[in-house]
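Presented sequentially are two complexes of chain A, the first with chain B as partner and the second with chain C.
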Partner chain A sequence: MYSIELLNGLLCKKEEWIKAYRLRKFEEFEKLPVPSWKRLKLENFSIPDFKEYRKEFLKNDIDGEGIFVKDINDVSALDEFKEYIDVQKSFGISDKFVTLGEAFYNSGVVIKAASKLKEPVRISYSLDNENSVVIDHNIIVAERDSEITVVIDYSSLSENEEYMNFFHNGVTKVYAADKAVVNIVKVQRMSNSAYHFDSNVAFIGREAKVNWISVEIGSGISATSFITNLEKTASESSLKSIYFGDGESRIDMQYTMNHIGMRSISNIETRGALKDKARKVFRGNLDFKKGARKAKGEEAEYALLLDPTVKADAIPVLFCAEDDVQGNHAASAGQIDENQLFYLMSRGFNEKEAKKLIVEASFKPIIDSIPVEDIKESINLEIHRRLVYV
Partner chain B sequence: MEKGKTYVEDIDRGIYDIKNEVRYSFKTEKGLTPEIVKAISREKNEPEWMTEFRLKSLEIYNSKPVPTWGADLSDLDIENIVTYIRPDTDMKSSWDEVPEDIKKTFDLLGIPKAEQESLAGVGAQYDSEVVYHNMREDLIKKGVVYTDMETAVREYEEIVRKHFMKLVPPTDHKFAALHGAVWSGGSFVYVPEGVVVDIPLQSYFRLNAPGAGQFEHTLIILEKGAKLHFIEGCSAPKHSVNNLHAGCVELFVNEGARLRYSTIENWSRNIYNLNTKRAVVERNGIIEWVSGSFGSKVSMLYPMSILKGEGARAEFTGITFASKGQYLDTGAKVVHAAPYTTSTINSKSISKDGGHAFYRGLLRVAPNAHHCKSTVSCESLMLDNKSKSDTLPIIELGNDNIDIGHEAKIGRISDEAIFYLMSRGISEEEAKAMIVRGFVEPIAKELPLEYAVEMNNLIKLELEGAIG
Partner chain C sequence: MSEKLLKIENLETMIEDKKILKGLNLEIGKGEVHVIMGPNGAGKSTLANTLMGHPKYTIVKGDIIFEGEIINDLRVDERAKKGIFLSFQYPEEIPGVTVENFLRTAKGAVSGKQMSIMAFKKLLKEKIKMLDMKEEYLSRYLNEGFSGGEKKKNEILQMAVLEPKLAILDETDSGLDVDAIRIVAEGVKKIIENTDTSVLVITHHNKMLDYLRPDFVHVLIDGRIVKTGDMNLAKEIESSGYEALKNQLGE
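And then the complex of A and B:
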């Protein structure tokens, strides 16, 4: 149970302000009910019990000149992040899960970049029977003119080694100061017995950029939210995502671009495929606030439906309170194009192979933009494995 | 007797704003009780099942909460809306017998002229009851029925009982329940198998008394292979009390039948327009909606097409123009419930002068509805920086064998386009007006001529003073 006793246990030896912060988040958490989600069919969900995550998740040690990377539980690390830890606006998949992450995190990183860094920071969680719960809280700050890439990978024991109730609940806060560039890659490839809840929020300065890549190819229930605030003049953000649903998996994606600054630019591109009885909900929101003159936003979603039993919902929303903007959204869904299929089959592929190729080809541009070779490889393998039964 | 006050609140919208002195033969107390509902039913000499239906709807109404999504309805004081006001005229069969002041208002709206020229029938609803009704002889001979709902309940009781609020049950939402309890007036059209009505039937609704709600019910049934174009237009004078319009439209399109339902709605700017429209389309039938929303303070209107038979088709063409003080939440809903069904939704909205246009749509494909096709396109144009424009289409797909496309665009008139037109010698104002006219053209051309003219005039009036 997520009780005050548990929290007090976690908070011993922590700094006072951090204690106060987490206790405040706990109070909020306690008041909120566990949400019911109509489209994901999440009802009477009981949050799996707290466990420590004891494995090493920081994969490369690049702490040094111009970069600061630490485990969030490292007591000495947090003072510098005091002003970034609290987000005033509500964000994420639901306040319940966000406050859960903020009060009870068992892992996560704090990162501060001061210069342009070539090598990506790699964080990797691999859930198993002893470490079946990951509640991570990440704060990523890029100072003026800096550049950083962070790759976070969530995987678990494979389907064969039976385990239920893998649980990931994450909160990630990203701050890009003027002219900074932040690339965040999130890969989720846990087994279908896992629950995956992930809340992300970004604040972007003048002429700064935040580029998200989200890969959702696992979990029985996956709910992700990326809220990007393009706060200043010429703030820029792109979000590229792929998803793959099979079995009875249910995927809910919420991507919001809040255009506040003048000449801010955003782009959302989502490609996915569904088979068996999988279900997905795509929510793409472009919100042009008043004053966001000459802002541009685009969103596009393409869904490939591989079986008659899938369900695909899309809610692409445009809010517009400023006339001098350009907003476009497009969504399409359907089966694999017969001409493409026919062409490949005329070249000697059987139908299954041809379908596989087409799905993989549609994902390729997004997977290719991931800067870490072995993760790219794992994603390709995972998609390949899941596509075997097309 | 006062001859009618002229309210000029906009440049030339005046003709819609002539208020007549309010005369009643019967008027309910403010607020809603079973006694009022019974009184309405008694006054109309209704069969018992209808009285029962009204009372049951009232119960549902009292048990349902006011919807919290969409428009802000907190200003709408439902208790203070007089639900039933009947003008002190009985049904007239000849235009000459209609009272002078009422007639004059309709004259200004151009109804009798339209009838003389081309229209097959005119049903003009004045407040809650239809005051004037007429239909061309040859259509009557073919068995086409076009009458007011009250008469239909008495004379075509079996048909009405079979269809009335079966498509929009009172349990649907609070205002559908309210409608079920207090409905009054409206049109009933029945077109027998194979009959093609070659000229449009038209009805003009009108609200007059201050604080009066309007709850007209439209029921149209097209039998196999029948064809009809029905036009509904609305206009109301402005009063200081908030007015509610909670009408209901139920359309039954049977096998191979084709129905076009056109609306140009221009309620005055204090009306809450909470209308429910729904059509069910059987095998190979076609429903076409043409919808223009210009008036009202708040609109929540989402005509729904249920494609129930294989090969059924729905088309929706809509334009929404939100101006100062208006919140127009409009859109279209389509449910593909059978294989090989097709739908096309084409929605345009313009917002200006602080107006807020909101497109809200739903496209649902049932698991068994394979081989269906749908395209949804929403375009919004903002004419200034005070206005708002939002788009929220929901797409729910229940199987894989489909072809769905959705597109939406938001923006303003591009400076390049204006510059180009100005370089050709056109003034800036005229250039902007031209672009707006071009924007709404696809909808204007779907309308009968006189409505297209009316719509263009409305747009012209709206743009004057706004641009430049």
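And then the complex of A and C:
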């Protein structure tokens, strides 16, 4: 149970302002109902109990000149992040899960970049029976002209081992100051017994960029939200994502690009495949606010339906409070193209191999843009494994 | 007479509710080069796709016999493994797979054994050179963004690597510039000479045939082969067209 007693226990050695912040979040949390996701047929969801996550999750130690990287639970790690910890606007998959993350986080990082950093910050969680709950809270700040890449990987014990219900609930806040570049890669490849909830929000300065990559190839239930605020002139953002659903898995993606600044540019590209009885909902919003003159936004979502029993919804929406903007969306969902299949089979691939190749090929450009080799490899292996029974 | 590699007996094919091939007969011997010409919509690509086994085309009558075995019901990949190859009139784009990886996997699939990376690279280099292609194509995604002519060359590169027994070239020459036609035709010629491959060339132009020197030229009109001859028949068609031929045949 997520009670005040539990929270007080977690807060015993924390600084006063953090205590106050988390208690305030707890109050909000307590008042909110657990939401239901109708399209995913996910109602009366009960949040798995709290547990500590005791494994090391920061994989490389690059804290040093021009970069500050700390475990969010380190004493005084948060001092420099006072002004960033609270987001005034509502964001995320639901306020309930966001406040849960903010009040009860058991892990996460705070990062501040002051220069251009080549090496990515690597964070990885591998859930097991002793560490089955990850509630992470991440704050990533890139100062003017800086550049940083953060790769966060969530994996778990595989299905054929003794497992329980794994639970991940994350909150990530990204701030890119003028001319900064932030690349965030999130990889979720947990087993189908896992629940994955992830709320992301970004604020982008003048001529700054935030590039998201999201890989969703695991978890029985996965709900992710990326809300990107292109606040200043020529703010830029791209969101490239792939997903794969099998068994009874349910995937909900909610991507919003808020165009506030003039000449701001956004691009969403999502590719996925569904088999068995998997379901997915894709919601892509391009929201052009008044004053976002000459802004451009694009979104495209392509779903490959490998079985007739899957269900795929795509809801692309364009809001235009400003006339002088360009917004485009494309969405398609269908079976594998018969002529592509014929072409590959005429070169000796059997039907299964050909289908596999087409699915893997559609993911490849996005996977290839991930800057960490071993993670690429793990993703390829996981997709390959899940495609065995196509 | 050389031994027959392919025999098509009285073949009738439907697509959706439409009969396209209406009793087609054709025999191809080992190492022979056959040409099929015919007006647009006559059924040439239908023949090619039926031979390769496209699921959209249903055989309603007749047999396709390859190396003495009826293959009417074989799957597409099984036909490929038997040594049938189709160079597509409109090759598909497969973004996400590089030409090199694709060819290596295809070679393994068709031949049933995996070549070592080194041996394969060597083979590929040879073929690329023969077809005067740039090596950079190998690391590009299969046919994605290729020009019309580049796609056709890529089809012949695949043929060169896969070494089929029967290669069906469906309008491989259209979209190629003059030099490319020569290079491709000479490449095909070399493949035939080295491997005893039989070739069925579907074309509207004689340019490629000048290099290939076909043994037989067939005219396909309205789902049937209406006349068979040699290179002179191709020349006759080039100068006077199909209407004259139809009149001559009294159709």
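Just so it is clear, the second predicted complex is superposed on the first by the 390 of 390 C-alpha atoms of A that agree within 3 Å, B and C clash if a C-alpha of one lies under 4 Å from a C-alpha of the other, contacts with A are read in each partner's own complex, and residues count from 1 in each chain.
Note that in this section a residue touches a chain if its C-beta (ideal position, glycine included) is under 8 Å from a C-beta of that chain, and two chains touch if they have at least 3 such contacts.
Just so it is clear, the model here is predicted, and its values are computed rather than measured.
In the overlay built on the shared chain, the residue A:E360 is in contact with chain C alone; chain B does not reach it. Legend: residue contacts after superposition of the two complexes on their common chain; A:S346 is shown touching chain C, with no touch to chain B. Of the two partner chains placed by the overlay, neither chain B nor chain C lies in contact with A:H384. Using the contact criterion defined above for the overlaid structures, shared-chain residue A:K82 touches neither chain B nor chain C, since it reaches no partner. Using the contact criterion defined above for the overlaid structures, shared-chain residue A:Q326 touches chain B, although it does not reach chain C. When the two complexes are overlaid on their common chain A, residue A:R54 makes contact with neither chain B nor chain C. Between chain B and chain C, more residues of chain A are touched by B.
Those residues of chain A that touch chain C in the shared complex are 337-340, 342-351, 353-354, 357-358, 360-365.
Chain C meets chain A in the complex at residues 49, 52-56, 75-77, 79-81, 85-86, 88, 91-92, 94-97, 102, 105-106, 109-110, 141, 158, 162.
Chain B meets chain A in the complex at residues 367, 370, 380, 382-385, 387-412. The part of chain A that touches chain B in the complex is made up of residues 274, 288, 290, 303, 305-335.
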